[in-house]
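Below, chain A partners chain B and then partners chain C, in two separate complexes.
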Partner chain A sequence: MMEFLDQLLSFNLDRETVFGLFQQSLVFIVGMTAILASLGVILCATPIYSALYLIGNMVCLALLFLLFNAEFLAVVQVVVYAGAVMILFLFIIALLGARKEPRDLSFQNLMGLGFVGLLFCELLLTMAVGETQPVQGQATPEVVQQVGSAKAIGIELFSNHIIPFELASLLLLVAAVGIISLAKFTYKPLRKRTRT
Partner chain B sequence: MGSEFVLFVSAAVFSIGAVGFVIRKNPLVMFMSVELMLNAVNFLLVGYSSFLNSLDGQIFALIIMTVAAAEVVVGLAIILTIFRTRHELDVDHINTLKG
Partner chain C sequence: MIDDILNFLDPYWWLIIGVVKAVIIAVGLLSTVPLLVWLERRLMGRFQVRLGPNRVGPLGLGQAIADAVKLLFKENIVQSSADKFLFYLAPAIVVFTAIVAFSAIPFGEPFEVGGQSIGLWGANLNIGLLFIFAISSMGIYGIVIAGFSSNNKYSLMGGLRSSAQMISYELTLGLAALCVVIMSGSLNLYEIVKSQSELPYAIPLFPAFVLFFIAGVAETNRAPFDLPEAEQELVAGFFTEYSGMKFAMFFMGEYVNMITMSALITVLFLGGWNSYIGLDIPILVFAFKVFLLLCVFIWLRSTFPRIRYDRLMTFGWKFLLPLSLVVMLFYSAVKVYSITA
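The block that comes next holds the complex of A and B.
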């Protein structure tokens, strides 16, 4: 940070420095927007606003993916999450009707808040862990840029990670069969519940 | 603005999702909170795969997206079935599996 300030004061900026500064400030702004949008998801009383804030959060995360050199995942994030999954959410909200939810802070909720606050502090402790010995891979941005992000991921997926890929396809098949059986065979109670 | 910021954003979004799962009563919003948590983990994986010059993190994030899509579809179908039988949506009132 100090070098940036020195260079700013001496007007001694080259192209890479300006670009790096711009990218860093962009990452900061988009990250903060993602946090604000996720706050909006849980604080809105009506589900439809929560869904809209969630779309905003996903678009922010897609921008962050772009800034971290993951173009293919950014596209998948927008198409699959902000497109398919959120449209499904909006359909269900429109079908069930969105009612406002009364807000209460009972003892259980406060206990949950305290627990999650503790979890957040523990997660922040990971920032305090200094440099460990990381395993550097081969896929530097230049190498990925030569073949393209989608092709690099495809090659990796079909060579080294073929078993998780097949398991994912099996999972999608099971999910499809599951929702068909949930939607087709309506539930009829066998006997009335007897209240004692 | 290196790995610390990625860790901070990811931890914040994950914790906000966990809070939403705890304090909200509408199952739809609870599912959205789960999506938030999954997204936070995805962002952490992608950020570190960029720092470490490896594509494994992005593959992992792709698989997580698949699992999340399947989970949302099944979960929403279950919510719809519960609404058809009980005509209300409040997780505090859905306390039995017998219908």
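The block that comes next holds the complex of A and C.
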């Protein structure tokens, strides 16, 4: 251990290189974990493990946001997706009693595999597009440093993107009303079911 | 050799300080838990007109050590039909999230040591309040996974109950905390304490304080909201199948959550380390406020019977949530008025 450290120090690496490398490898490791977790979601036979892998994936994404200094986004990612949405998924899976699905290669499965392969091929096509232009917003790193990421997102959301924001909230409201009307009010069947 | 490493790390001294702080917080919290258990048993004894544990050591203080040793040496039973991996994962999640959530809580002004100012907090985050909510919402997974992996109907019921309860009361908790955020204009817990240097928010924001406290008790799964464990109907709920140290870890998680919730209420509503009567020992003031709140938690447990499950849900969704929305709207109106006027 000591020899290793001696060797490391004798290389005369300057700090910035070491810590930069450390940061980059951290991003790489977290990204790889996210990919592995998302593979786990689709490859797991038990639904409960799939859900847990999805949670892991979301936490990894939050960590990536954190590594790029977007603290607010990271925390919102955890609160909304990992904290609220996934707990409902787990709730339903636990309630219905998830069973291991048998694996058999039927015609439908082959169709599904073919479709997934097609999607992957389309994904590969994007390599031909080349580098994309990053979206230029008003919140430069200096502004974010000054007012904090929560405030910067708030200002951006309520000035430039107010209409999409309100429309999205309207859409959610419609969905909520629809679900309540579907779940709460039962409609009388046209013809009364008779017992035979 | 050591000097070389220290020289190398010199601009990154905060890394070393961070590690030291993390160790202090984790060890401190975990060693407070046995004391808190002792306090609860003693106080419960007094509330029920009996003595409580008083045989081991002075005032029964040795009971804490005896309990810890007993739990460490108990047999560790894993039933054969349990999902082994998840069964072991669940208590770890509970303890981990409980300790991490506490790390964002500030309990004093920063002080200077050798030219470096060291803050009395694990991490002073710009979004400290949201961070605590995020981590504590991850803590539910420990309980749900425990309930699911035990392969036991009572445990499953406990896990399901806890997830429904936590989601319901988290909304009220968040909305009540939002009142404080609106008034102080910051999500940073240190700034929030700073803005209370003259008056704790418990006085101007009294309705929000009450709502936050009720939702906080529900979030920590304490009586009268201890539906997930409910000894009488669910035989201890989600940890029915756990024994030995893993059982103790659920215990630790619950008590650490209790401390975190008390500390959060102190920071948000009781003015943190501001004493208001001229007593200038920040940490003692903070600890005293937390201690008082912990006693209230225990007092509640020995006073109220457990409420029925449907009433819990009705109370959460049809009473607390609309009320907290109204309170939040009222305080945002006050804030807008005070800015424009």
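Basically, the second predicted complex is superposed on the first by the 140 of 196 C-alpha atoms of A that agree within 3 Å, B and C clash if a C-alpha of one lies under 4 Å from a C-alpha of the other, contacts with A are read in each partner's own complex, and residues count from 1 in each chain.
Operating definition for what follows: a contact is a pair of C-beta atoms (placed from the backbone, for glycine too) under 8 Å apart; a residue touches a chain by one contact, two chains touch by 3 or more.
In this text the structure is predicted, and so the values were computed from the model without any measurement.
S.K.: See if chain A has more residues touched by chain B or by chain C, and give me that chain.
M.R.: Here the partner covering more residues of chain A is B.
S.K.: For A:Ile55, is the partner it touches chain B (first), chain C (second), both, or none of the two (neither)?
M.R.: The second partner, chain C, only.
S.K.: With the two structures laid over each other on chain A, which partner does A:Leu172 touch: chain B (first), chain C (second), both, or neither?
M.R.: first
S.K.: Check the residue A:Val75 against both partner chains and state whether it touches chain B (first), chain C (second), both, or neither.
M.R.: second
S.K.: Tell me the contact category for A:Phe19 with respect to chain B and chain C: first, second, both or neither.
M.R.: Once the two structures are laid over each other on A, A:Phe19 reaches chain C alone.
S.K.: Which holds for A:Ala183: it touches chain B only (first), chain C only (second), both, or neither?
M.R.: It touches chain B, and chain C stays clear.
S.K.: Mind working out whether A:Ala84 is in touch with chain B, chain C, both or neither, as first, second, both or neither?
M.R.: both
S.K.: Looking at A:Leu63, would you say it contacts chain B, chain C, both, or neither? Reply first, second, both or neither.
M.R.: Touch status of A:Leu63: no partner.
S.K.: For A:Ala150, select first, second, both or neither according to whether it touches chain B, chain C, the two together, or no partner.
M.R.: In the superposed model, A:Ala150 contacts chain C only, not chain B.
S.K.: Could you list which residues of chain A make contact with chain B in one structure and with chain C in the other?
M.R.: On chain A, the residues that contact chain B in one structure and chain C in the other are 72, 76, 84, 88, 95.
S.K.: Under the definition above, what is the set of chain A residues touching chain C in their complex?
M.R.: Per the stated touch rule, the residues are 2, 5-6, 9, 15, 19, 48, 52, 55, 59, 71-72, 75-76, 78-79, 82-84, 87-88, 90-91, 94-95, 148-150.
S.K.: Touching residues of chain A toward chain B in the complex: what are they?
M.R.: Touch list, chain A to chain B: 24, 27-28, 31, 34-35, 38-39, 41-42, 47, 50-51, 54, 57-58, 61, 64-65, 68-70, 72-73, 76-77, 80-81, 84-85, 88-89, 92-93, 95-96, 101, 109, 112-113, 115-117, 119-120, 123-124, 126-127, 134-141, 144, 152-153, 156-157, 161, 164-165, 168, 171-172, 174-175, 178-179, 182-183, 186-187, 189, 193.
S.K.: Help me check something: in the complex, which residues belonging to chain B touch chain A?
M.R.: Residues 1, 4-5, 7-20, 22-26, 28-29, 31-33, 35-36, 39, 42-43, 46-47, 49-56, 58-59, 61-63, 65-74, 76-81, 83-85, 89, 98-99 of chain B touch chain A in their complex.
S.K.: So in the complex, which bits of chain C are touching chain A?
M.R.: On the chain C side, the touching residues are 1, 4-5, 8, 11-12, 86, 125-127, 130-131, 133-135, 137-138, 140-141, 144-145, 147-148, 156, 159-160, 163-164, 166-167, 170, 187.
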